[in-house]
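Structure incoming, see below.
As written, the chains take the letters A, B and C, and residue 1 is the first residue of each chain.
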Amino acid sequence: MNHSSSQEALSVNTPTYDDGSTWFSRLREATAFWMFLILLGLVVLFSLISPNHAFLSVNNFFTIALNASQLVLLAVGMTFLLGAREFDLSVGANVVLSSILAARTITSLAGTPDEVAMGNYPHLGPAITAGVLVAIISGTLFGLINGLLVTKLRLSSFLVTLATTAIGLGTALVMTHGANVPDIPRVLQTEFATYRVFDMIPLPVLLSLVLVLLLWFTLAQTRFGVHTLAMGSSPDASRRAGINNARHLLKLFGLMGFLCGIAALLDISRFATTNIGGHQTDNLQAVAAAVIGGTSLFGGIASVPGTLVGTLIPVVLGTGLVIMGLDSFYQLILVGLIVIAAVYIDQRNRQLSI
Amino acid sequence: MKTKLVVSLATVLLGSVSLGAQAEEPVNIAFLPGQVGIPFYSSMQCGAETAAKEFNVKLSWSGPPDWDIALQQPFIDAALQLHPQGIVLAPTDGGALISQVKELESKGLPVITVDAPLNDPVETQSIQSDHFAGGVAAAKAMVGVAGDKGTFLAVGMRPGLPDIDARVAGFVETFKKEHPGAKLVPVAYPETSSTKAAQQVAAAIQAYPDLKGVYVTHSAAATGASAAIMEAGLRGKIKLISFDADPQQIRDLKDGIYDALIIQQPYNMGYEAVKLSAQLVRHQVEKTAVKHDNFLPFVVATRANMKNADIRQYFYKTSCK
Amino acid sequence: MHTPQQDSSAPLSKQSMGAAAVEAGRREPALEAINIVKNFGSLQVLRDVSMTLYRGDITAVVGDNGAGKSTFMKVLSGEHIPDGGQLCVNNREVQLRSTQDAQSYGIETVYQDLALAPDLSVAENVFLGREIKAPGWRGQIGMLDRQLMLEESTRILTELGAKLKSYRATTQSLSGGQRQGVAIARAIKWAQHAILMDEPTAALGTRQRDMVYAAIRAAAGRNLAVLLISHDLPQVLELADRIIVMRQGTAVANLNPAEVTVRDVVDVMLGAKGA
């Protein structure tokens, strides 16, 4: 009987808790917050000191976004996996393999070998549709295989994906003899990759942005997101709460693979060729982006907006340094320093909050 | 020794009976490409096979699917099992293969390297493109299509790669010496990533509104640079010059993606290497008389000259037909 | 931080609970174990353990190390599948093959390590695995009703007397007692018939211990059967309605805490006195 009265008293009191909790949650997200400040600072700095303020233009910002559009997909996928205390080293190999399969599909369906070699593509529409499907399916399958190996054989995801990196790249090389797939229709480049919505937003940027927003929502607002972080925070706790850890993990690896498939599509449509040798460090770049954004390598803490910031910082640095006429290799050093700063902030906050 | 004797005997006997090379005993030559399945090496194979026919050579051709010493080594070992009389090798590692080549040479087997040299000149001859000259040719081509006023960007891979660095140096030094009015921005090094190349070229486009030309030294940089130029909507306004002449690159030259291509001569590398090998085995040419370095010049293809037969013959082929 | 002394959840404390049911003369069994046998290989860990947990009662299970207390509890929580015997929930025989099974029959467990996800908030932990979706279209696109879950967690924890600074804080930022409170709150929230607790006060200081005891009483006060495993005999005597002593894999005595001393219990535990 007394319940109802205390309940009412409580609902009146609720705002008090809110105050305390915003402070806490701010603390928790401090890495992302600081990194956002760094990003903002870099943008302001480059805008001010670049010759003729060349850095400061809407066009430049969308170009930067375009150059981040592939990596951000891999980095957000990695954010989910790291949040669940898992890892995927094979993202680069997955992108390469998926892009080769998709490119092969497109070039073999678009016309006879002679037609395609001459740059004629009589069956362009169906070929591209099939290519898109192949990229998505092969990417997702690659991810699911990682997931099955991790969950069924109970192997560490680090080692499993190290092995599937080798297998994936090996398969790609066997299929292509190391030569990039030629004769991919340029129309992918001209009608999709360089197309700008409202003459402003490149289509690949829009696609990536939609996916990132969707995944942000998923991680922050849905059961799927809570379970992901619960698993990473304490696998035992999530298992005892009735969560099927293995099945959830499989979904996460599948998601990562799906994103690799999309990144592969962006790759072949942006460059109208495959890039077999160009994805060796994608995995580490993705991890770095997530870590810069405040995602913990130890699971349980992950932030999609943080990862977005973490993906943009290296691109902004790279672009800014070239605009300043400086050696682009400084970018590597600066990104390394920022990663250290991010990890340090994360660690300090954890100590404070305990 | 025995082979040598037989060969020289055969030369004496057959040479006296009939004239010309056709009647000679065939010479066994092992050709070890650095990579198979790509147009550059397919063209080289065509040249090698043509020479083999002309000079009565039994040619074996086998190499790895990827440019990797670990993959190439088994092909080298297998080829040696067949006791060839001469060897043509595209060394995938300039250091690792030195001692093997030294040993073969000391046994009297002439070794000719193609495409890339060894770090120590232990082979009989090294036939390769003159990459510095390629850079010079690129600079000239650039001035031809874009003039010599404004800003220009050269894109390398990473510092420390002799071929690519020479391509960059030839371009940069020519510009500095002969076109002081042009502004060269620092060389971009995107490694093998198209995405990084696109990012760096896009940044340069942003920074230098008067960017007139981009010069790329390898294929990943080429795809990245062309994407960046296209994405900025400046296709045709910013000139792009690249290396090599794969079928797709030729088409891209025609379509205005590239404005000039700096083309190597893989066909002639293959042809010259097999020809010289046969001559060395038959002692028509003595090893001491062979100069070590044989640099083949580059050919420059532009939209203006790409229809000419004397340029077209240098385009890389996927098959010899 | 937490003020167990002023324990405002007084209406839920001891006198309001099991006593009522006892007075009414009919004690309702919530969970019955009959002749439970459990072997680990050739080792028989549980030998025909029978026990009835009544609604509103706090039943303490005591025994020396290795007596089989924890194994027995794990049988009830679905973590171990028994090799023999019967389990009845609400007078109906059930098979518990997993912790999920036990949860679906309304049996909740508070583990010794609490099984909380340290990086998740209090509310997220209370609702972990059983999150509530938002009403309307927001729920249809998968959105959770965080506000409702927060309010609900706040309500339960306040009733338990655990005053937390923030219910959005991660559980790793809480004190040991507060964390225990969260774990118990979660069990209370979801249990329909019984709550099983393994050494809930093992690592706590006195003040926090009192808070947890209040929470345990509150659980019983909600007409749930509470099973409590504890080493702390003086507290068990004060808290429990009945004490079951286990020795060498079987239940050897059923004691009324009102009638025995710590000394008596220890004697039975060690086998100095027959049951």
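Side notes on the structure shown:
One rule holds in what follows: a contact is a pair of C-beta atoms (placed from the backbone, for glycine too) under 8 Å apart; a residue touches a chain by one contact, two chains touch by 3 or more.
Note that the coordinates shown come from a computational prediction; the quantities given were computed from them, not determined experimentally.
Farthest chain from chain B (centres taken as the mean of C-alpha atoms): C. Put simply, the chain closest to the centre of the protein, by Cα centroids, is A.
Per-chain CA centroids place chain B at a distance of 77 Å from chain C. Centre-to-centre spacing of chain A and chain B amounts to 38 Å, using the average Cα coordinate of each chain. Once the centre of each chain is set as its mean CA position, chain A and chain C turn out to be 43 Å apart. Against chain C, the residues of chain A that register as touching in their complex are 2-3, 6-7, 10-11, 14, 17-18, 20-25, 28, 217-218, 221-224, 226-227, 229-230, 232-234, 236-243, 296, 299-301, 353-354. Contact residues of chain A toward chain B in the complex are 50-52, 54-55, 57, 59-60, 63, 66-67, 70-71, 117-119, 173-174, 176-180, 182-183, 186, 189-190, 193-194, 202, 267, 270-273, 275, 277-281, 315, 318-329. Across the complex, chain A is touched by residues 8, 11, 99-100, 103, 109, 111, 113, 115-121, 124-125, 128-131, 133, 142-144, 146, 150-151, 154-155, 158-159, 164-170, 172-173 of chain C. Chain B makes touch with chain A in their complex at residues 35-39, 65-67, 185-186, 188-196, 198-200, 202-204, 206-209, 219-220, 223-224, 226-228, 230-233, 246-248, 251, 255, 257.
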